[in-house]
Structures are given as C-alpha cells and as structure tokens.
Amino acid sequence: MTMSYLRGLTLGAAATLALCAAPALALDLQFYFPVAVGGGAAKTIGELTDAYMAQHPDVKIEPVYTGSYVDTIAKAMTAAKGGNPPQLAVIGAAEMFNLIGEDVIAPFDDYVSDADKAAWFGGFYPAFMENSQAFGKTWGIPFQRSTPVMYWNKEAFRKAGLDPEHAPASWDEMVEMARKLTVKDASGQVTQWGVRIPTAGLPYWLYQGVAIANDAILASADGKTTAFNSPEAIEAAQKLVDLTTAQGVMEKGTLDWGATPKAFFEGNAAMIWTTTGNLTNITQNAPFPFGVAFLPAIKHFGAPTGGGNFYLFKDSTDEEKKASVDFVKWMTAPEQAAKWTMATGYVAPRAEDWDTPALKDYVAKVPGALVAREQLQYAKAELTVYQNAQITQILNSALEAIMTGQAEPKAALDEAQAKADAILKAYR
Amino acid sequence: MSAGLDALLIRVGAWALALIWLAPLAYAVWTAFHPAAYETHFALLAPITVENFPKAWVQAPFARYFLNTILLVTSILGVQLVVGTLAAFAFARLQFAGKSGLFALVLMQMMVMPDILIVENYQTMRALGLVDTIAGIGLPYMASGFAIFLLRQTFLTIPRELDEAARMEGASLRHLILRVYVPLAKPTYIAFGLVSVSAHWNDFIWPLIVTNSVEARPLTVGLSIFSATDSGVQWSVINAATLMTSAPLLLGFLIFQRQFVQSFLRAGIK
Amino acid sequence: MRRQTLTAWALLLPAACLLVVFTHGPVLRTVLATFYTTPHGRLPAKFAGFDNYAHLIADPIFWQALRNNLLYAGLTIPASMGLALVMALLVNGRMRGRGFLRMAFFTPTVLPLIAVANIWIFFYQPGFGLIDQIRGLFGLGATNLLGQGDSALYAVAAVAVWKEAGFFMIFYLAALQAIPQSLIEAARLEGANALQIFRRVIWPLLTPTTLFVAVNAVVNAFRLVDHIYQMTGGGPNNATALLFYYLYQVGFQFWDTAYAATLTTVLVVVLGLVSVGQFLFLDRKVHYQ
C-alpha cells in the first residue's frame, strides 16, 4: 500500500513537472532586442517583424524584448553559454569584442555577396562602423544607434535673460549659462540647476562626451588597451566634477540616468545631457519649448556613438543565418529605418535613409532629429573592449568615486587604468 | 502623563508608521490613475485617468507573465508540500539509521538556500535542458528545508495516541498521513503556503537568469524589463503595470487576512 | 526497525534527491570549481590551486561588498525585527482601524521589490523626489541620498526594512495572540506596568519567534538584492555592492564563473557559520523536541 501510494505521488509529481516543463515554443528565428525608449518602440518592432513575415511567409520571427542594454547582453550571453542562443539579437555595439572573445557570434561577411558588402556595409555612417568592424570583418550591423545630445529648456533660458534660441557651443559657455540658470530660493536652496549630466547608471558614456571633445580616446581600436588616465582624460573628469563643486551648477553626487528626463520636465535642471533616443519621449512630455544641441565643444565638438547593432549568433544553421541576414537587410533598408527613427528618435544609420519622404517630413516637424545626425561627423566609438562589462564597470566606479568626492580624478583614473590593464593583458 | 495621552500618542505613532508603509502603494495608485505630468505633483484636483492601464497592458504580455507566475508558485508549493509532508513524517515518527545526519542536511538548506547557488544551478538546468522553462525556475526550490522543518515540528505535537489508535484500526501509512497528520497540520500548511507563495511571487534574480522568453518569464522579470530605464522612467505606466499584477495577491490578503493570522497562530510558529 | 528504516528512506527519497541535486551537490561542485580557472571561448578550465582565493583576498571590491553586507545586515536585521514587533504590538490591541493598519504594514510583502524599487527611486530623487518635496515643506534643502557614497547604503537598507518588517509582523502577531491573556492579567494584578509586563512576560514568551524571524532576516540580508539591481547597480563606486549582487555581476555579467564560485563559497561559509551558531543557540534556548 505504501509503495503504491508512493508511486502515485511520484507519478503525480512527474506529471506536474512534465506539465510545466513543456519547453518554450520554438520558432524559426528568435530575435532578442533591447528597447531604450519606453514600450512604444517594442510595438514598432512587432509591427516591423509582422510586415516582414507577411512578405516572407516561410520565415517566422519571434522578437523577444529583453530589457535594457545591460540586461540584453547578460541575457544573450547566458543563453549562448547555456546552448540555446537566439539566432539574432540587437545588442550594444560596445559589446563587439566581448562577443567575439566569447566566441558566440559570426561575422556577416560570409552571408553577403561582394557587391552587397560594398553597398550595404559601406552605406552606414563611418562613426557607427568604428565598433561594428574588426579584423577585416563586419560583426555588427548598426540599427538602433544613438549619440548623446544636450536638451535645453527655452523657457528657463528666457527667464534667466539668455537667448532662448542659442544653445551653448563650448564647455565654458555652457558653464557660464548654467551659472545664470542655477536659481536659488530665498533660503539659498537651489530650485533649478543649470545642468544635469547623469552619472549613475552608465556614467562612462556621457563622460566620453566630455573626453572625446577633449581629445581623450579611451580605448584602442583593437579593444585590447585602455587609456583611462591620459592627461586629457583626467582633465575631462575634472571638468565634470567641477560642475558640482567649483562651479556649483549641478547637483552634487551621482545623478540617476532614468530620472533625468523627469528632472528636465520638472524644471529641476535647465539643460540635460541624454541620448538622442529620448527625443520622442521629451517631445511628447516636455511642458515647455525645448531645443536640441551638440554636446559643447572643448578642443572641438565630440561625442561617443552608442546604441545597438544586429549580431548573428554562431550557434545556428546556415539557413537560419541566411534568413537572419535577409531580415537584417530589410530592417535596415531606408523605409524601415525611417519608421524606426520616427518611433524612437534613434539616428537612422545610413545617409540614404534621410532622403526618404517620411524622414524629410519628420525632420521638418522635429528639427531636433537632425542634430544627432550632424553630430556624427565629430563622433567616435564608445568604449569597446574585450571583457567590456567588467572594464566598463571599473571606469564607472572610478567616475562615481570622482563625482561623489571620494577620490581625485587622477588617483581614481590611475587605479582604473591599472585594473583594466590587469584584465586586458590576457588578450594581448 | 495620563493614560489617555499615552494611548493617543500610540495611536498617532501607529498611523504615522502605517502611512509611511503605505506610501509606495499610495504613490503607485496616484501615478497609475493620473496623467504622467502629475507623477511628481500631488494636486488634489489633478485629472483622473485610467488610460495608463490599457497602455501598460498592450506594451507587454502581462497576462502571460501572470499565468507563468501562477503556474510557478502553485507548482512549487504543491511539490514542496507533498515532498515536505513525506519527509517530515519520517523525521517525526519513524526511527531509522542516519536520521540525525539527514535532518542536519535538511536544516542546512534553510540557511544555504538555492538562491545563492545560481552559478551551479544554471549549469544543472542547462544539462537537464530546463533552461527557459517554468520547471527550471521552480525545481531548485521544490524540496524546502523550511517546509520539512515546520511540518516536522507540527507532526511532533500530534499525540501518539491518535497515531496508534489509527494503526490499531488497520490504517495504512497513506491513510494515517492523509487522514490523521495532514488535517491536524492544516494551519501549518496554510502558514507555509503564505511564506512560499510570497517568496516565489517576489523572486527575481534566479528567474532573470534562467528564463529567456515570454513563455517562461514570471511577473517580476517581466516588470523589471518593462521598466528598463535607459530612456527615462515612466512611472505612471510602470506603476499601472505593478498595480495590475499585484492586485490579486493584495486583494487576496485583504479578504483572507484574518484567516492567515489565525492559521499562523494555530500553526504555533514559535 | 529494519522495516521502518526502509519506509523512512522511501518517504525521504524525493526530498533527498531534490536536496542533493539542487543544494548539496551544487555546494560541493561550487567548492570544487574554485580550484579551476574560468573557461573562456575555446579555452577549457585549468587547475588553478588557490589562485581564485588569492584573487579574492586581493580584490578590494570583495572586501567592500563584505563590509557593506555586514553593515547592511547590522542595519536591516534589528530594524526590521524591531519594527515588526512594534507593528505586531500595535495591531494586536483593540485599536480602532487595526484591520487597515495590518493591511498597510503587510502591503510590501505582496508588492514585488523589483517593481517598487522604481517608486523608491522617485522618493529619493534630489529636488523633485517625494522626500525632498516633504523636506521642502519644512524649508529643508535637497538631498541626494542614492547618489552619495555615505548615504546610498542606508537608503537601500531602508527599502529592505520597509519590505520585510510587515512580513515578520505576521509571525510576531501570531505569537502574541498565542500568549494567554490570563498571564498578562496576573502580572497586572501584581502591579506590573506595561513596560514590565512586556519585559517580564511577553518578551520571554516571544523568544522562539524572535529566533525564527532572525533566521529569515539573516538569510534575507544576504539573499535579497532585487532593489540593488534596480536602484543602484551597486553604485556609486560600489557603495551599495552586497555580496550576492557582486556574485551575480561576476557570474552573469563578467562571466568569470570560477571567481563567482569563490564568492559563492564565501557566502555559503558565512551563512553556514550563522546557522551553526543559531542552531547551537536554539538548542540551548528552545526545546524544539
């Protein structure tokens, strides 16, 4: 009796397990994507893939929304190491060497004809290709690419007696204007800060907006060496922290990335630095007229590129790869790129995209959209190295230490450089 | 100082504490029912809207996430109770070789929880082909040291006479467990149920690691990626989603709170 | 006896299998993995002796995470337990609206921490966040609690206390209701005041509950990092890095599985020591048998 009871239990348990063990439905192509712009973008991805499948009934594409860029690389790498990677994913362009180093992606070259290589690969803005190509191969296809820009509150400018149509062009001018824009109440408490450059979340990216303009290139093109402690890099960090200390035009400490648009809407900060991918969000929600400008020049204009590329995962069949490449080609064609740019504010990555009637109309309505494209001529790749997550974390920690006053820029960046060196040595 | 003043102070303190504790929920309700512009402005006459709910609903498959979470917590709890009952009975009522050693191993799992063994458990799930399945999320928790421990304590308090009387009447082991021990331990089952459900309803890091697709993702992971903040937090929509998905458990507690507390009381968790 | 042993083992088999496969086995394999390197790309794991431990000892972030975690435990465990007891005492009485109070205290238990973390981010925002809006009513200036190295850990600890106190309250409430009213009446007749009754009668009777809740509080102090994930990512400058969060980062963002195993081993040892201590204490204090 006991045994039969036990058997019953075991069967019951096995059935329960079997029931919930039914694996996720396997479709032909699984496609991970992060969306940095609220949920509206996820809908656009859905619409685009549906449109593609309507034209190609033999291919099924399952887009899987996987959260932020950080979430998505972690997710894709976990899946790849777990032996069930997607066929295709949009992942941060900065992860290129990381993905190559872990041997989980395949270059696009083998699935593209020579003629196409020149026309397709060659059509993207060169700034975006900097961290899409390596070792003579193309590993990433620019898709939701971005660059940080400065947004300014025209109403606040007017109230401060500044020309509301004129954004600061240089760092010094920005500091000067920020001084005028920093408003205190009767008790001396600041009610409006001149500028907000968020340094919690992904400080390395906006810091590069300062560093590149100051001639500091943080990583070598082969992704094996960093230069965190060059005099230019240290000076850039000093400029950033001076905003909160010497100049007192920015809130002290690190500032949350996600809450930055809100701080702008609330009039808590009159100028903010954030991704061009926020353009749609800000256009829809800012309760005042605003402008979009280049990041201010120091030695010259400068900004990092950012955002995500399409990657092909190695662990898939040739047919799947061919179908994936075909889909990527379609997604990056001008008509789709235009749709995507209008839905999100990401920079359409090819010059020809901007000749589409749709984008021409859009630019006429939202002139801010052009700023990011124009800034590309001064843009450089964001930090892209092997062991990218870890190296980025090291730089982030150093910047956070600097911004919270726990360390001087030189000491913090020297230490970060030493740590990064110790890790990257293995790849040289 | 009069007793009346004391009582008043205590009451004021209690309500102040309750308000602080309620603040996040109150804020979630506020933002979910108002346009985004009022996320940080608490004006009494702010226009009320319900559009955040459909907005959140269409942006992510919350129904599926919800179903996954329900499947997850019920399958975990079900297996935990069955497995725990059998083991607890053995520990409480049977004499056998290796008893104390085995019990120590069970106790160890109360502290060294599967939560922290994510690296190895991920390898195991990969080997079993259970990555990205609901079973993969739940399996590490299905034998709960805590459940075994609690049930054993309860079974030990059941008078042996009852046990012996049932045996005299020729009751089988199955009958004995199902008809004598389980009914008498009902409060413990309910109490443990609450602990287990709330733990796995909230669990995040492990499901985040082991799931990839909508088909397996529980609510916590779904909510987390829904609120990814790369482009700015949109509190009104995120909080509408949070409310939609937490409401069933919240309402359940509101309705059953008296029974819960009573069952804890009778479970004699001391 | 022989028969009983067979039956017992049969009954224990499912539990034993699951425990061995998902807890004890992984613990052993984790310890084993600490003596090898992390496989990368096509490079297989190699025997590494105590290299991972040497790395651990030389890793300042590990030490900071350990220090943070001890401070965090020291903050959250007594605070959440103390508040839980206060809450239980409050709603155990005959106060009007205690149903509402109970509900208010319990809500954090059913709201997923990962979702509520966003709400706390708003509360903590400098300038326009809720805390600063309230401070503004009293003419106080802005704070940047999450963005400063010296306050960020306290800010996330507060979230954990908020999350846990109401849950622990339920346990205390049940225990309080189990105390016979006659005991309290007797003490009162002997002229004891409320404080004395609490110290002499109630508190000793709550000892088993306190220990039970303490086990959960300790485990949670080392296990619950959802809010860290969503609110700070361990920053600024690792000020809010806790051991388990660091372990997640190393294991699933940096892909250094061997080092992650080493960190896991540390956590297992810490929790193991706490549990041994607790059970010795339990044995002396409480008659569980």
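Should a chain be cited, it is by its letter among A, B and C, assigned in written order, with residues numbered from 1 in that chain.
One rule holds in what follows: a contact is a pair of C-beta atoms (placed from the backbone, for glycine too) under 8 Å apart; a residue touches a chain by one contact, two chains touch by 3 or more.
All of these numbers come straight from a predicted model, not from anything done at the bench.
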Two chains joined by the most C-beta pairs in contact, as defined above: B-C
Centroid comparison with subunit B (C-alpha atoms), farthest chain: A
Euclidean distance of C-alpha centroids - subunit A vs subunit B, Å: 36
Separation of subunit B from subunit C, taking each centre as the mean of its C-alpha atoms, in whole Å: 15
In subunit B, residues with contacts to at least two other chains: 39-40, 82-83, 86, 139, 173, 209, 224, 229, 233, 235
Subunit C: positions in contact with at least two other chains: 7, 11, 14, 121-122, 128, 252
Residue numbers of subunit A (touch at least two other chains): 2, 6, 9, 13, 78, 201, 258-259, 262, 266
Residues of subunit B defined as touching subunit A within the complex: 36-37, 39-40, 55-56, 58-60, 71-72, 75, 78-79, 82-83, 86, 122, 125-126, 129-136, 138-139, 172-174, 209, 212-216, 224-226, 228-235, 237
In the complex with subunit C, residue positions of subunit B that touch it: 10-11, 13-15, 17-25, 27-28, 39-40, 42, 82-84, 86-87, 89-90, 94-97, 99, 102, 105-121, 123-124, 139-143, 145, 148, 153, 156, 173, 191, 194, 198, 201-202, 204-205, 209, 219-221, 223-224, 227, 229, 233, 235, 238-239, 241-242, 245-246, 249-250, 253-254, 257, 260-261, 264-265, 267-270
Parts of subunit A lying in touch with subunit C, wherever the complex brings them together: 2-3, 6, 9-10, 13, 70, 73-74, 77-78, 81, 101-103, 187-191, 193, 199-201, 251-256, 258-259, 262-263, 266, 268, 387, 389-390, 393, 396-398, 400-401, 403-407
Complex contact set, residues of subunit C against subunit B: 1, 4-5, 7-9, 11-12, 14-19, 21-27, 29-30, 33, 83, 86-87, 90-91, 95, 97, 99-116, 118-123, 128-130, 133, 162, 165-167, 170-171, 173-175, 177-178, 208-209, 212, 215, 218-219, 222-223, 225-226, 229-230, 244, 247-248, 251-252, 257, 260-261, 264, 267-268, 271-272, 274-275, 278-279, 288-289
For the subunit C and subunit A complex, residues of the former touching the latter: 7, 10-11, 14, 40-42, 61, 121-122, 125-128, 136, 139, 141-142, 144, 146-149, 232-233, 235-239, 249, 252-256
